[in-house]
Amino acid sequence: MADGGTPEPAPLAAWDRVKLARHPQRPHALDYLRELTTNFVELHGDRVFGDDHALIGGLAAFDGCTVMVLAHQKGGNTKENIDRNFGMARPEGYRKAERLLRHAEKFRFPVIALIDTPGADVGVGSEERGQATAIAESLLTMADLRVPSIAVVIGEGGSGGALAIGVADRMLMLENAIYSVASPEASAAILWRDAARAPEAAATMRITAPDLLGFGVIDEIVPEPEPAHERPRATIQATGAAIARHLRELLAAYPLDDPAAVDRLREARYRRYRRLGVWRDEADQALRVGSAAS
Amino acid sequence: MADGGTPEPAPLAAWDRVKLARHPQRPHALDYLRELTTNFVELHGDRVFGDDHALIGGLAAFDGCTVMVLAHQKGGNTKENIDRNFGMARPEGYRKAERLLRHAEKFRFPVIALIDTPGADVGVGSEERGQATAIAESLLTMADLRVPSIAVVIGEGGSGGALAIGVADRMLMLENAIYSVASPEASAAILWRDAARAPEAAATMRITAPDLLGFGVIDEIVPEPEPAHERPRATIQATGAAIARHLRELLAAYPLDDPAAVDRLREARYRRYRRLGVWRDEADQALRVGSAAS
Amino acid sequence: MREFFQRRGKFRPQPLDESGELQIPEDLWVKCPKCDEVIYSRELERNNRVCPKCSHHLRLRARARIALLSDPDSFTEWDRGIATEDPLEFVDGGGPYTDKLARTRAKSGEGEALVIGEAMLEGRPLVLAVSEFEFLGASMGSVFGEKLVRAIERAAERRLPLVTVSASGGARMHEGIFSLMQMAKTVAALARLGRAGAPHIALLTDPCYGGVSASYATVADIIMAEPGAIVGFAGPRVIEQVTRQKLPEGFQTAEFLLEHGAIDLVVRRDDLRATLTTLLDHYQRNAPPRPVEPLAAPVAVGERADG
Amino acid sequence: MREFFQRRGKFRPQPLDESGELQIPEDLWVKCPKCDEVIYSRELERNNRVCPKCSHHLRLRARARIALLSDPDSFTEWDRGIATEDPLEFVDGGGPYTDKLARTRAKSGEGEALVIGEAMLEGRPLVLAVSEFEFLGASMGSVFGEKLVRAIERAAERRLPLVTVSASGGARMHEGIFSLMQMAKTVAALARLGRAGAPHIALLTDPCYGGVSASYATVADIIMAEPGAIVGFAGPRVIEQVTRQKLPEGFQTAEFLLEHGAIDLVVRRDDLRATLTTLLDHYQRNAPPRPVEPLAAPVAVGERADG
């Protein structure tokens, strides 16, 4: 399978991208918000149990309108990372996301989600409070959202914990971001029972932005002529410009004050996800047991 | 103020009613469900934190249709009462109620609520998990419900913990049930700093069914010619007949398959609560400081 | 639901003169209940009753709060003339409710425990509903509920943002079941405000309990609280009595609520105007134009239950 | 997400013969993994693979589950002909994915990890989607997702109740990001089912994790689980590795989930038909009449992403 028409003259190896996506100096969500938005008001809490610091959200002015922002937030150092749980959200985080998504629907704020997480939190407490259900309900709310949404993978897009805020009308990805069904280390542990073979797993799993563009999973790559941590402002500005362009397109196609646009928007979003996957339709026949995939 | 046209030849003192409302042999919610409904399927959990045993809910067939039942459940003995927390719901209970109310809206099940609680649970955990918010959100969901609802105070109607499932299109009350802003004991402690004066507080606070009918807070009293615990089946049957009558009226006025009925139903419910209260409208004038009440 | 505030520090009433202005005796010194600093009262008022030494937020009366949250002379009060009745013919250890009401009116300078009206904040229109803790602990009875509902209905009609500021001991015992019903009535009105597309921004201030914290005050699009404000369902004394448990440090403070996910923001009094202005702009930026304001807002006259 | 089931007891595959019937060797004895009782396999099958001694619910294969949940000969299977591709050209320590698929098909007697179709249960119509744990741990890849979405769409079109039965290790690694996307795709379809007014009843069976437990399986109107079924987001081994914590007794069992509010009901396999029938009646009793069934259900043909 080809990658599709990606402009990628000298492609980096997947593992190089993994290292860039995780680079500690890579700009994180709040860096984007500071640079691209004004009047950010962070809104806290799930109204049920707690406030998750790994998944933040709030209202901000962006490109002339107010948007609801949801974002995984990693720390810039160890202390911050402990507070942010390394960007791994707990059920409270996904429930906060869901609450803010409903808020966005009520007041017709478009949603912008910045994805940057190794994955959802793993732990006894997260299981007790329904991590699986919290993610599933966030998926449902995003899938059925009455306002336009744009998600951007700015760093790591780790599994269901990333997808939970990543069901959107437009899906962008930075050139050195990754997005995968499982982390390279977890993949290597499963595939070869050896986490040290993560670089090999990273290549096998096809987790880079050019891969995902080729697969039709993302709509656009935000280029990083130099890695984001080397030129953070330029990268953030380029990301902001791409988001603004897509947002304007969406608002033109689905005006916020047109109630009829809601059904069309949902239908288009459904079609976007409905087609994802690769399969072969054969005549509905008796199963040929043991037949190869051909 | 008069009690209004209540048929009450030999009224019991308020405190006698309190004792009857709390009588350990008085039928509790599950006794009503067993007698009046078929195919009850209890639905558990708030999908967030826990399953509250003091506030139960589920689907049941009643009078030819399926209804969503919500009910406080007291125990019949000490062991049961510990499991049921004496009918005092925690935030999980009110969140389960809210979840089931949304379920009822989605599938157009009328709601029947049986109220029998000393009040909402008081404790550190309940505060930590947002008891006030849980009650408030249940109130909101009931106030705005898209399907008809009937609430019946079958025993104790204690404060906000009772009201949380008691915002309904029809409000019934058993003759020996009570419904109050605070328990007689708490009232006495506040009014005279002496909980032992509860009987006096019970009279002062006007908490009996005839009082509330006179105040326009409830729509009908289900008579108890003999106290419910002495003739439980007869009381339950009379209650069922009253619920069925009101339910039929509501379904005739607001058919479940008529989308236009939703707005009318909500409007009527709003009017029902909008008028509750006693005040005097004077010309909008400069405040007369220290003036007496009339 | 009211008993908890008996354990808290005494509030020093500030009587109003006939013009409704605060009368502050020139020579009054106030002791900060948190750090014990003795503060010259004029300085404290200039600082919006935030202790200059420890930043403790002392209670602010309704009219001072309104002054803080509106542009000068922009506040138009609504429904001052709605008066409290005594449907229970209520008498307790302190005597008849009607007498208590008369004394409270004289002492507090207010007709009831909630002040409502419209105002401008940095030129942005809003509806304000502010509780007055000095009036029977800002307990919610029929008039409180009715005034709040009128404010909500007018906000909905004109799609204006509603800002509620609440301190309250809960439901007003003296009006019995009518007080309980105000919880349902106010929340029901907020459901309609939501459908009208107007935001409800709630500010919880010290202290806020029971019938208020469990009704309109937490059914809000944004819930803010002042630093250190104590907010909960049941009062700490009741919880200690019931559970025979010592309460953890910082229990029921605004910061505790934030950590437990119950509120959106803790906002210092200094930042309140700016935060509110920012939020008002957010809710207006994508919104359709507001309906043209009626020249005179029609007064929605409530029916009376017992008349 | 898949590793956890390596620590669980080996499943004994039961090959299908050409007619699709279960072939059970006459002389097979099975040991109950919970109580170690040795049970004659015919007796175990007659008992729906519930241990007659300790009531442990052994895993049930997809076709046996369908037989349990439908009237005899009422099940019509849909989309057996949809076939798995290898978009990643995936090779791991066990060799190419295509080889693994071929072996799995032969071993399991199934074409993929999900069986869908329509059936009657006590005369009531329903759509069934049942996962087959013997097929790569019922991991969800493109075909699983596509088949489930077709089942959901047809249920929505005809307003039929959808019953999903899930055991799964999670997302299928071999199809990478496509597998992750099935979580969004299936949930999006369920949103439309909900708007069509048809219920989704989910049964979680042992074991159910990750990509399945965190998507369609918990976006259900009713969530049931079988006694003792292990259900969670992350597998126990991963949690122990990450947290270096010993897991509590009963962790992630159906009973644990019930206590923590995550599911509506724990239903014994014996009671499953009756409970389901009761629920189907509830969802039909107040509902408007179903649309008249099309003579032949049109097959919704999905677009292909990369073709």
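A, B, C and D are the chain letters, set down in written order, and residue numbers restart from 1 in every chain.
We adopt the following convention: a contact is a pair of C-beta atoms (placed from the backbone, for glycine too) under 8 Å apart; a residue touches a chain by one contact, two chains touch by 3 or more.
Model, not experiment: these values are computed from the prediction.
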| item | value |
| --- | --- |
| Any chain in contact with subunit B as well as subunit D | A |
| For subunit B, the least number of touch steps when starting out from subunit A | 1 |
| Comparison of A-D and A-C by number of C-beta pairs in contact, larger one | A-D |
| Per Cα centroids, the chain farthest from subunit B | A |
| Chain centre separation (subunit B, subunit C; CA means) in Å | 27 |
| Distance between the centres, which are taken as Cα means, of subunit C and subunit A, whole angstrom | 41 |
| Separation of subunit C from subunit D, taking each centre as the mean of its C-alpha atoms, in whole Å | 53 |
| Set of subunit B residues in contact with two or more other chains | 47-49, 129-130, 133, 137 |
| Contacts with 2+ other chains: residues of subunit C | 260-262 |
| Touching pairs - complete list by chain label | A-B, A-C, A-D, B-C, B-D |
| Subunit A-facing residues of subunit B, complex | 47-49, 91, 95, 129-130, 133, 137 |
| For the subunit C and subunit A complex, residues of the former touching the latter | 194, 197, 199, 221-222, 258-265, 275, 278-279, 281-283, 285-288 |
| Sites on subunit A touched by subunit C in the complex | 39, 41-51, 59, 61, 64-66, 92, 96, 103, 106-109, 256-257 |
| List of subunit B residues in touch with subunit C within their complex | 1, 120, 122-124, 126-133, 135-137, 139-140, 143-144, 159-160, 163, 166-167, 179-182, 186-187, 189-193, 204-207, 211-212, 214-217, 269-270, 273-287, 289-294 |
| Contacting residues of subunit D [partner subunit A, same complex] | 1-3, 16, 18, 78-93, 98, 101-102, 105-106, 109-111, 141-143, 145-146, 149, 171, 173, 175-185, 187-192, 210-211, 213-219, 231-234, 238-239, 242-243, 245, 247-248, 251-252, 260-262, 299, 301-307 |
